[in-house]
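You will see chain A twice below: alongside chain B first, and alongside chain C after that.
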Partner chain A sequence: MSLTRPQFERACKLLLEGDDSCTPWSWKSHQAFQHLGYLERTVSIPVKSPGNPLDETVEILVEEDDSAAVNSSPNFLSWDQYIVYSPSFGVPAFYFIVWDQQGVQLTLDQLLQSGVFRFDSSTKLDKTPFGVSEPGSAFPLLSQGDHPVLGIRCWHFHPCESSTAVDELVNDVIIPTASEDDRLRCWMEMWFLVLGSAVNF
Partner chain B sequence: MASTLGPRHGAASLMATSASTTLFRRLTWEGTVPLEIRVDSKELPANSNRGLECYFIQAARVSYLPLLVPDVKKFLVDVVLDEEGAKILKEEDWWFEAEDGSPLKWHWPIGLLYDSHTIAATIRPNHTTDPIPLKLVLHLALPPTDKLLLVPSAEACKQAFMGQLKEADFIRWGSTKRMTSLRKAEQDGIWEGIKEHNFDDYWRVASKVTPTTIPARSQSPPPGPGSLHTRPPSVDPGTTTTAPDKDGASSVRSVPVRIYLPDGPVLQELAPPLLDGERPHTVSRFLTSTLPLLFPETGKRHAYALVQGVVCPPETELSWLGACMAGADGWVNICIGISSG
Partner chain C sequence: MTVLQFAPFSSLVQPAFWHELTSLKIDVLQLSDDSVPINASYALGKSIKDRETGKDIALGCNLTVGGGSFSNDSFQLPPNSVRASGILKNFNTVEDFKASDKTAFFNQVTDEIWETAITKRDPSALTKFLVITFADLKKYKFFYWFAFPAFVSKPAWEILDPGWTNADETFSPDALRSIHQHLQANPTPFFLIKSDGNKAEVGDLEKYQEFFAGVTQSSQAIGFHDPSGLPTNPGWPLRNLLAYLAALYPNITTLRILCWRDAEVPSGNAPWKSRFGTVSLPSPIDKSAARPSAVGWEKNVQGKLGARLADLAPMMDPSRLADQAVDLNLKLMRWRILPALDLDKVSSTKCLLLGAGTLGCYVARVLMGWGVRNITFVDSARVSFSNPVRQPLFEFEDCMDGGKVKAVCAADRLKKIFPGVNAVGHELSVPMPGHPVPPASVDKTKKDIETLEKLIDEHDAIFLLMDSRESRWLPTVVGASKGKIILNSALGFDTYLVMRHGARAKITPAGHQRLGCYYCNDVVAPADSLTDRTLDQMCTVTRPGLASIAAATAVELLVSVIQHPKGLLAPAPKPNTPPEDAASEGGILGMIPHQLRGFLAQFRNVPIVGAAYDKCTGCSETVITAYETQGYEMLEKAFNETGYLEKLTGLDKLYEEATAVMENVDFDEAEGDGDDF
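Coming up: the complex of A and B.
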């Protein structure tokens, strides 16, 4: 199932209604083109020290209004996260930038070391300075792209394969007679689940 | 080479191309724009020939800035730098700056960068319609660290380009099978065609994935030599029915098209080749639905559409643009300029 842009917006807003994460998402739209909207939030993540992998049970998210205080701490990275609509593939796509404590953007190597991803060490990945690919895949798994609304350069996970995985999960969970809203909400929740297998939300 | 066989005869006949399609593809390919690349003088090593650090080039629209780097480097080494200066050049620190001071989107085709610069000028007071070079600053060092910046290497450029080509393929057909079914040598061949600016090398492979137009009945001259093109069965006399051209420009799900504004986000909406399955989807109708204030259905229009530097007649069909005037990456880039007065 692919989503239309209005369906994406509706799905995001349904998601916001039930968002109980430590750092909630917010819906933003372009000032002149209101139909171009996206979810965004900024979270802080502790800097991984060498030889001490990030413990998944560590409470890594802080309240948004404390982020300024936290970011001034030398031990945290700032992670700008965006969920945008991919008009080419008709699905959400995850765009992000990670900044260090000096306001410098992390390189790909630094990102891979940061604990942002859940890449399994057994997963074979082809890495270049500008992206990460799974062997034989048509598109890079992770590469740079322009944020579809803001136009800023970000890292992003390629959305092309997500629809199939999400549809399978949704069909297992949702009943055929579910309402459109229930289906959209479920779709977004399952999309986050799929993305969460690669990203350490 | 005429063929009376059906569309599935072979790879060549799948993408039968008329002479007019080839003509417009060649015109697009041969289009160039003026660039002025100035090296930031603060970053020139000592003993450089200051005052000569401007490189002028009439660059191919379908090419990319990183592919100009070797020529720029040669110019710097031959004309501007002394021996010591040439030794310390580090291309991995190079980056391009646009006129507004922002890092340049070097992953955009050069033609798009130029047309974007053209339409940006239309919202400035007292702008001139005379073509002026696109002025870029090349920095040899100190890339900004607060913005995500990729070194403009040819390899990174190739990956970005191939991604766009596959994305265009997906938009047209709902899958990337046409691109992924190409052998690696063929996929590399598309990029080599761009690097070497060789029309035949590029289209030898691109014709397998790019939709083509249905040629006019029997009036088209025969295809030229060195081409894989054949006439489709519908042109041949005696054919009583025309099989649907499943690979034709009107058979795609959507034409890969993006709209660029003088000051605004890049817009991308579904662009089916036919409306209601019958009427050709024209530029006029597409822009009316996407930008109704600038392109009202009736009344005065306050803007115009630029494709490959050409002001697009409103009745131009999107499917035709997708087949004949897309960039090398498969995308039709419509730049919107604001009309003066």
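Coming up: the complex of A and C.
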């Protein structure tokens, strides 16, 4: 099943109604073209390892001793998540960037270690546990591309395989006489489920 | 009573901030180091649950700058945040950045804060900050250093027992709800609260005296938008707020503080996040100086008072982006289809391509597809007009003016295709048996051989892609001597050969079948095959599709060898093994044949196993040892003296014996009745 853009927007709005996650999603649209909308949220990810060492030392300042300041410096990554509409495939697509406190985006290797994906480069992959009928590929097609509305360079999962996987799950769950709203809501939930097999939401 | 400790601000720079700073520098500032006003925001303190430990971790006390920070129009205040104004000063060189008088700049801003907040009684300046930057636009690196000036209180403020408690222990849910409502409608960094514990009223900080006129101490409270998520430490803005109040209302010694941290009204029985405490001064503030001293330079990631560096090259430098894209492509192959594939082993294999013609160009392309980063070409010729159509690294322009040097031209073209490749070309002629070295050329030949030996030594895989039989002899011997992986490919009109040379006897473990080399099946040594050939024989006229098929096959064979744990010593499938079995017995990529003979007329590949020959002129221990011990002396004989290699290996005796046997055979007429079958 593929969604039209209005169906996608409706499905997102339904998702927002039932959203009880720690970091809720919000609907945004293009400044000029209101019909180009997407969901977004930013999640903070704690980081275990310290930041990159500065190879060039800059003059160290001396300041007066300050006993009134706490010495904690927690390290966090920001994970900007976007759910956009892919017109060529008629399905939602997951776009994201992960950046550190210095405004530097993570490289592929750093992404693998950040805990964003449900595996790292050393683990062996098993087939997806949901009994998807299509062969191969446990891990979705990770690519880099421009966010369709914001134009910023993001990582995303290529949506070409989503539809088949999600449809199978939806057909197992939903009854044929369900309303359009119920069907859309279910479709989005199953889409998240499939995505969640690769992504650590 | 304990000294009050504040959670310092922590700068949070969004990626778009650097893009905007770059535009600002290029379009507006250029070489000016004037200060520029910028906007920042800070949100309410939060903590998140660590997935692994289940514990709460407080998020940093962040002051956020983003793409919209540079202009008032594009600045968007995120939900549950308040604005802070600041100054940015961009330096033009890293030396200026390092040498700038940071203390002077800090003091200048701090004076401004004091002037505005205390003299003009405007609390909006209390959260003013500064940042110095240097943008290295060629390397995509940004040096920066934030400072969040905060006045030092002497004596320090203290927090009275029982310390910081949950706000709902002091204020009723109704009171907190009305505070929340007011703040949702009018977000403000600092505010006053009049409350008896059950109901609350919120007022403006500037109207302190009016608002609290006639109100008992125990009903007064000061609130602030608290970015700290730590349960026992209020955020940095409280420091300047306390300094402001102490300066303007000198009679204050105790204050009831509400650290506001609730973005939403909690649902159900969830607790409120805001914190409440009573702070006090143990003795009056020392007012001897015009203004109190201030601290607030941000520590860097190592915890030292030094600048920070944002290195955006990996995601902005186009070469790095290309590198990452190619890498991602290969990694996906591994993640999705073949997790056991060792891609690093392949990409780190250094490849030497002897020959930059049809085979060389196609081999190089496929190697780059596998992510190989070190490719060296050796060729003595120049690009000629017939080359570009068949040799995909050359273009028409390369043929002009006598033609570019092929090896160098091919290497340069590889770099144009993928800047991250380490491609080098050497113009070199490989000496060969059957082609005597003229005395005048001996020195040059010796040097060429030395270069060739060094190149073979420095690489892991050697591709023999020349256009003659005998030119492959020297690299065969040297390569065998050094235990390198040698891939050999040769083309006929519509047939091709792709093979891997076996290892020398010395490094082959006992019981292991040694695989042969190009010359193992020869009964004669390589000799001059080039003189007196016709044109079509000289230029190796082949069906055009053949070169890419053979070249690609050679590279895939190399990768299969590399994936096998035994590498060079990987066994070949026994003859007549069914293909499926051969594939599963080979390696993770499948079968690892010794030789493949291709017949384009039949679109057929035939895997062959050739055993090593102990009298081989190319890879027998006799020849290799003679080379190793005598060096150029031995090589010269091989080049100059006909029959030398046959004598060395004993092939000449074999030839004599065979001839003798043939002569002794009696081809007498059959006697008696001839049976006709």
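Assume the second predicted complex is superposed on the first by the 153 of 201 C-alpha atoms of A that agree within 3 Å, B and C clash if a C-alpha of one lies under 4 Å from a C-alpha of the other, contacts with A are read in each partner's own complex, and residues count from 1 in each chain.
What we mean here is this: a contact is a pair of C-beta atoms (placed from the backbone, for glycine too) under 8 Å apart; a residue touches a chain by one contact, two chains touch by 3 or more.
In this text the structure is predicted, and so the values were computed from the model without any measurement.
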Scan A:S44 for contacts with chain B and chain C and give back first, second, both or neither. second
With the two structures laid over each other on chain A, which partner does A:F89 touch: chain B (first), chain C (second), both, or neither? first
Taking the superposition on A as described, I'd like to know which of chain B and chain C A:C22 touches: first, second, both or neither. second
Quick one: is A:Q144 in contact with chain B, with chain C, with both, or with neither? Answer first, second, both or neither. both
Could you figure out whether chain B or chain C reaches more residues of chain A? C
For A:Q105, select first, second, both or neither according to whether it touches chain B, chain C, the two together, or no partner. both
What residues on chain A does chain C touch that chain B touches too? 97, 103-105, 138-139, 143-144, 152-153
So, in the complex, the side of chain B touching chain A is made of residues 103, 105, 145-151, 155-156, 159-160, 163, 166-167, 170-171, 176, 179-180, 256, 264-270
Of all residues in chain A, which touch chain C in the complex? 22, 44, 46, 50-54, 56-64, 66-76, 78, 97, 99, 101-105, 107-108, 115, 121, 124-125, 136-139, 141-144, 152-153
If you look only at chain C, which of its residues touch chain A in the complex? 3-8, 10-18, 48-51, 57-60, 62, 94, 97-99, 102-103, 142-143, 145, 152-153, 156-157, 230, 233, 239, 293, 295, 297, 299-312, 314-315, 321, 324-325, 327-328, 331-332, 335-337, 339-340
Chain A to chain B touching residues, read off their complex: 30, 32-33, 36, 87-89, 97, 103-105, 128-131, 138-140, 143-144, 146, 148-155, 160
